[in-house]
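Note that the chains take the letters A, B, C, D, E and F in the order they are written out, and that residue 1 is the start of every chain.
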């Protein structure tokens, strides 16, 4: 079987990409052992590539009140509801690795209410899911439900922004038929010893 | 960590179960290497246990126009939409094994429209999903869409009945917080050589 | 006018059916004065027939915390929301008879919130309807709302299972265009003196 | 059992009503043998009473391309979807009488797609239901689907206006807990000989 | 550019209209400086015209617990949700004028939860919106939420009736492609000095 | 009346902002005569500010198959459905200016199906709205509907990306109660002579 296409749009040739984008892609490849398709899919549009990953890094890599595993929980829960294959599979892998838990991603993707979560994580995902599905109805009471578990208003911003950024990403992946790399499916399923 | 409970309802003791149910459970355990929690969860109610598995076998084990892998695709696609953790995880494993495809279950669970399916399987899942979500609007035109791919009216019955039976199962698993066994998550992910 | 067909699928000839199924059908006919179409429609598939009625009897005929009339209320309320003509008409008749109330079935079928119910029955139907429509969101708080009216966790299981089994039945009736017998429409409307 | 109230709002005393309203109510009582509760419920507000029944008569009593039974089908189908107990029960009775068909009202109330309708009536109800549920999406193509069965643009207006007026009526009955008179439940169920 | 049509249905000639209708239209024209298209669109059906405006006046012009601006808020909020271009634009203008507030109409049309409202107006619109979207679920608790802000049961009737009448109007405008007059867009945007 | 806050989060002091951000804000102020609140609201998080506006410029300012007015139509139509007050009001103003049409923004915000659009713009908005509401169901047939009007696959990407980016923006504005500046409401309503 030949490799299936990475998306509806042809992947650009690495050699044709601007230096900064090619460098970022090579760095990812070195670290992961493969190039996640989202990098090639978005590289077709260098300015959008740069903006997307700048936004991603601003939310997912910075210090703050949410652990990195919790941020990935938000991505997986909302991507499940948005029915985005790429993000559920790729960020499911990252969540398994960051949480050091081989089960959590599949649980959160299907129904966060039934997943093995701490109460604060449950509250965090309830907020994130409401942002994804009915942001027009977010009000003080939703912030207060977060405060019970120690989340500040800036934590609420983080939760909302991650849900919103991946809502963008989910829509682009759905519209372009972005395909998760086969490698993601197994990542983080076998705990390292 | 102690074993988490199999569901909101305590598991019965195998020794207390009627013989036929204990025998079925032991046979499954021998074959799978573990007892899938649905057997213990439903055994609390022997008559319902017998009826459920009789229905299951009547649809999933009989000969017919759908392959066994295709029947599991129906279970996984509709259970994903019904947000049933138990059925997505457990039947996802069975689907991987039956289809000899380590990727298909996660794809179908998230969004069957974007999964690696043959056109006839796509039509089959469109019908199954409509049965799960809006059966009141099923009409001749839906049967005709199946006929294009060679599905008979009796095949349509099979698709509908599998969607409907697992709709029942999804509801019971959701209501009882039925927990998939940890073993399911990895089954079928590493092709046997 | 010739008799309209019982469903999209031709009715089997009673003489061709397995003995146990023919016996059950004859017993029903003797008791009711006619053969409810669901028996003929499902008899096309003997194994599914046996499983369905075993499940039905396990939930609807056993002793328990719900009266027989209350169980039929669950069927009628959820079948109304699932827009299942067969179950609303046939089980509406049974509900009228079991509740000795010629009005209750039409009320419950349209909007259980506005029906002549006791508060415990209202709570029971709220739970049943949530199982039918959003079982993924059933949580402790829903069990607690039942407990206020004395429903045990096993009563909750009964309510959920009846909602779920008739969700299956509604889907099969909708998909096969199962037609309620004309006799059902009048049953139980004129109180016996 | 004492008579249940006609609605959340107390019924006015006939003697206190303006003459024209009392006369209309007496005429209805004479014809029907009882006073339908909607007359008493709305009489609390004489100006709204007059406007509502003027609108009603303008749509339901005038000559036009729809038979009187067909107009009642629209009322029953849309009231079923709006879950209005009063209108389903009361107009169900009128539909049975006008169509001289004891079964049609229950069928249409549950799911018009599965009712014993002529194709033109099915098209009429598809339009009426879309007006009730998603009028913002009505476009040329919906008018064209009516034209296939000989409905003019003015017939489309009639269908839409009946759906819209009873959408108003459904909301008022739901909000006020308007109760259908017990007499309606049996009307038209036993064909006159 | 020639004037676009007022709706899918041709406007009647003023000279052909019954006297009472022509007089009402002329009075409106004199007061407003133009004839709002709804008058011409409904005049095609004189009896419906009279009934609609009688209903309108009974709810919008009478004394009562709601200010005239508040009644228009109800119209604008529910018409926004029903996606009715005519009513949002025309009643948005009236709301700006009645509330002497050039911003409020656009705010309420988009999302009443985020508009510059007093708490009592927010409660009023929550009730109105529930009547428009899910009147079948209106219960005592909804009346009690109004009572907190001093709204009587008769005020609740007013709120519901305005929501319901404009639900009718929204459906007719959507179905007939009723076009708001260009004049409405600017009305009330520049405070008079 | 004191100025209402720009959002739930306090606005930063311009003097405290990084130079590049302050310069961008000053440039906007010079061009518009006021600082749109979104700039101050997002400036609280400089990295997110930079990423958002880089994404914005990459989609809204570049050459391509969509006119600038058409891009704003996408923003207004999807922001209306997402019930985002800030984006409907602010981008409504920009749309009026870019389209040199004082009516189009209010029309598109309420119901793009009833707006004064060319057929190609209608097809463009149908695609954009589906991306906003059900991107998981976008398939070849949706691209083909665009191709009828000459939109390339890259134009489809643009439409989707604008819908997706403003879906992000809508969620952030809804969650933070971002307030549109009063100035926006009147912009572009009075054609320049």
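Worth pointing out:
Convention: a residue touches a chain if its C-beta (ideal position, glycine included) is under 8 Å from a C-beta of that chain, and two chains touch if they have at least 3 such contacts.
These figures come from a predicted structure and were not determined experimentally.
Hopping across touching chains, the smallest step count from subunit C to subunit F is 2.
Chains touching both subunit B and subunit E: A, C, D, F. Taking each chain's centre as the mean of its CA atoms, E is the chain most distant from subunit B. When the CA atoms of subunit D are superposed on subunit F, the rotation angle comes to 120 degrees (nearest 5). For the pair subunit C and subunit D, the distance between C-alpha centroids works out to 28 Å. Centroids built from CA atoms put subunit F at 44 Å from subunit B. Taking each chain's centre as the average of its CA atoms, subunit B and subunit C sit 24 Å apart.
With centres set at the average Cα position, the gap from subunit A to subunit D is 51 Å. Within subunit D, contacts with two or more other chains are made by residues 83-84, 111, 114, 136, 174.
Applying the touch definition to every pair of chains gives A-B, A-C, A-E, A-F, B-C, B-D, B-F, C-D, C-E, D-E, D-F, E-F. Across the complex, subunit A is touched by residues 111, 113-114 of subunit E. Every residue of subunit C that touches subunit A in the complex is listed here, in rising order: 136-137, 139.
Touching subunit F in their complex are the following residues of subunit E: 4, 80, 83-85, 88-89, 92, 102-103, 106-107, 109-111, 114-116, 174, 177, 182, 185-186, 189-190.
Across the interface of their complex, subunit A is touched by residues 8-9, 45, 47-48, 50-52, 54-55, 57-59, 62, 82-84, 131-132, 135-136, 138, 153, 156-157, 160-161, 163-165, 167-172, 174-176 of subunit F.
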